[in-house]
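Sharing a structure here in structure tokens format.
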Amino acid sequence: MSTNVQAQTQSIFDELAARQTWRFKHIVYIALIGAFLAWCADGVNLRPREVFNAVPIIADYFGRMWPPKWGFVEAIWKPSIETIYVALWGNVIATIVGLPLGILAASTVTQSRILRGGAMGILNVFRSISELIWAILFVAAVGLGPFPGALALGMNYGGILGRLYAEAIENVDKGPIEAMEATGASKLQVIMFAILPQAMPQFVTYNLYWFEVGVRSATVLGMVGAGGIGFELITSIRLFEWREVGVILLFILGMVTIIDMTSTYIRGRLY
Amino acid sequence: MGSVTFEDAVNAAMRLEAQARTRRYIKLSAWAALAVAALWYSAHQIKFSLAAVIHGVPFMWDFITRLFPPDLGYLTVLGGATVETVQIAIWGTLLAIIFSIPLAFLGARNTSPHIVVFHLTRLLLNSLRAINELVFALIFVSAVGLGPFAGVLAVALHATGMLAKFCAEEIEGVDKGQVEAQMATGASRMQVILFGVAPQIVPQFIGYAIYRLDVSIRSATVLGLVGAGGLGFSLIQTMKLFKYHQTATCILVIFLLVLISDWICGKLRRRVI
Amino acid sequence: MLMPGSTQSAPTILSVRGLSKSYSGTIHALRGIDIEVKEGEFLVILGPSGAGKSTLMRCINRLVEPTDGKILHNDVEMTGKRRNLRAVRRQFGMVFQQFNLVKRLSVLTNVLTGRLAYRSTWRSLFYNFSKEDKRIAIECLARVNMDHKAFQRADTLSGGEQQRVAIARALAQQPTIILADEPVASLDPKIARQVLTYLKQVTQELGITVLCNLHQVEYTREFAERIIGMSRGKVVFEGTAADLTDEILHRIYYRDPDEQDDKDHS
């Protein structure tokens, strides 16, 4: 009996000791992470003093944007709309690129591992190259202007959307697919009648969301000459015309807000 | 059922089907016409041209062939820039996490102290989200000078908008029962937030923060285009000097970095959630 | 209800011989099934959950490939060839426990999908069906009294209505045999009887043979012309409702203690 109690106490002590070392391990981890973060901060010149100094300077720069130079609206009206067109066509191209690849990459549709892996590989490459790099490439190919911007968004977001499409397809209810196969429908018919109708709301949701994101990125494509408001923005900043910058930022904000609201409305009516 | 009535029912349904089809076609054609018009007009505005793409293929091909072979010797030079890119992303995300926690509580309907505070916070968050990090980077480069510091601030601000909004929505969706149970014990507002709300959202928040880190690494790779540090700077510099073999190396490194971060962050997220 | 004797003389439409199926080599769902199905009969396969009823149906329709054995349809062997799979499958209409309608499509479009195997893939890409197909589909809907809801979305219907639409979809295939896999398992008793009545009545009018899986003894007694009892992947009984004694039910359901299931006390 007593040996039993002793053994139990001993085991509790052991556990406490184990916990102690566990705590010790955690302290070591935290110290290591702290050191790592400090090293990172040092690498990017981030020091508390600098951050404190930066705050008033940045506030000052945003202050210079006020009051906005409203007359500038005339000059940026057109490029703003162009930004939306770029995003729109980017979205269309992304769907054209992403949909077939996404269908091929879905395990429920494509049996062949090679085909599936190939489609997924292409999607990953498209996804991993940012729209700005695509834009540089397309500007080299078709010259300056909004068109290469749309192509660039199309490739990058095609990769992103394709992967999301594939996931959506894999997650649809399998029952109707089986029922359709049982009627003797062909593969393509199963896709058209059982898979796409079920996955459609998901697809539209993704497209709307990435359209919003596309509008935001399209505002900077102009920096590499790929159309939209980015060109005006970079010019105004280079010329230190802060009150013009203020107008542009307000414009972007307004545009994004309107699109945000519209797409929330559409999404609400989907299912 | 008699055969006459059965025939009648079928014929009636056939007629209805024909009507419904006509209506559907009209509706569909109207929408299609609208969509085609919108796309056609915008295509015209952005000078969309398949011919340009086809004509552009040789130019693009030329550009791509000039990228090859990538100058692997340049890798040693890029090491520093790569590390810097990751550092920018890490601190940008970390600052965003720090900023977004209080902002999320101010910007959630159920924890915000006042409706005005709620709306102002949401406005601020929407503005931060709407403005691309490259735009922030441009402004900060003017304000605090060229270099990664401007990049960190840019990533931090944009990511704060995203993280705080996500987190605010999570807070609004918490289980009310647990919160009420805490209030019933007489806990203070702060205690309710700490013990009733926070535990419910921590896993999602960590998951989203990891996702955000992945996105930040992606954006950090291009911040250099406007002089805010990282790999993008080498990318644009080598291009301006027509050292395309080195540009290719930059693209390769960016590509690998994004792939690796995607992989690691995906793994981490799956472990958290 | 037809006399048991009347199907005796009818020719065999489907015969299953020594059918076995094991999943991943370890789970033996079917262990040598022999069944003869007579043309035009309403055959119920009765068995507890896990007996292999669904697997049997899926093997007949080739949704799964059997491991061993033969299936002859009108004396033509169907196992093995994958070439004319579409033509084979369209001869068998299938009705599922979960209805398996495409919820976002209209009732009529759902029934029209039963016509897909008769039409070229390219035409159906645009959701375009011929007038003839539409007439067939509407007739099938009228047979189960669902023609008045033809243009509603499938997810606006009740469970019983959805199952009737699913029956119409199977009928639209103009099949020789309908395979119904627990068609009423997720319906309440009143609606379940209604659906089974439709299934039986319509198939009798059209001379379609029915193979129906059930796990409720009551419905089996009420609707079956002939009954096959299955337990643990084997046929353990063959006969009419009159032959279905308590002793035999016990053999089907409670033979093994681990075969007891919460599903079968309806």
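Each chain gets a letter, A, B and C, in the order it is written, and its residues are counted from 1.
As a convention for this text, a residue touches a chain if its C-beta (ideal position, glycine included) is under 8 Å from a C-beta of that chain, and two chains touch if they have at least 3 such contacts.
Computed from a predicted structure; not experimentally measured.
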Original post:
If each protein chain is taken as a node and each touching pair as an edge, is the resulting graph a line, ring, star, complete or other?
Top reply: complete
Original post:
Counting only C-beta pairs in contact, which pair of chains has the most of them?
Top reply: A-B
Original post:
Using CA atom averages as chain centres, what separation in Å is found between chain A and chain B?
Top reply: 3
Original post:
Taking each chain's centre as the mean position of its Cα atoms, how many Å separate chain A from chain C?
Top reply: 47
Original post:
Which positions of chain B touch chain C when the two form their complex?
Top reply: 6, 9-10, 13-14, 16-17, 20
**OP:** Can you check the complex and tell me which residues of chain C touch chain A?
**Re:** 61, 63, 85-90, 92-94, 96, 98-105, 109, 113-114, 116-117, 121, 124-125, 127, 166, 169-170, 173
Subject >> Residues of chain A touching chain C in the complex >> reply: 173, 175-176, 178-186, 188-189, 192-194, 197-198, 200-201
Subject >> Of chain B, residues touching chain A in the complex >> reply: 38-39, 42-43, 45-49, 52-53, 55-57, 59-60, 63-64, 83-84, 86-88, 90-91, 94, 126-127, 129-132, 134-135, 138-140, 142-144, 147-149, 151-153, 218-219, 221-222, 225-226, 229, 232, 235, 239, 251, 254-255, 258-259, 262
**OP:** Sort out for me which residues of chain A touch chain B in the complex.
**Re:** 37, 40-41, 43-46, 50, 54, 57-58, 60-62, 81-82, 84-86, 88-89, 92, 124-125, 128-130, 132-133, 136-138, 140-143, 145-147, 149-151, 216-217, 219-220, 223-224, 227, 233-234, 237, 240, 245, 249, 252-253, 256-257, 260
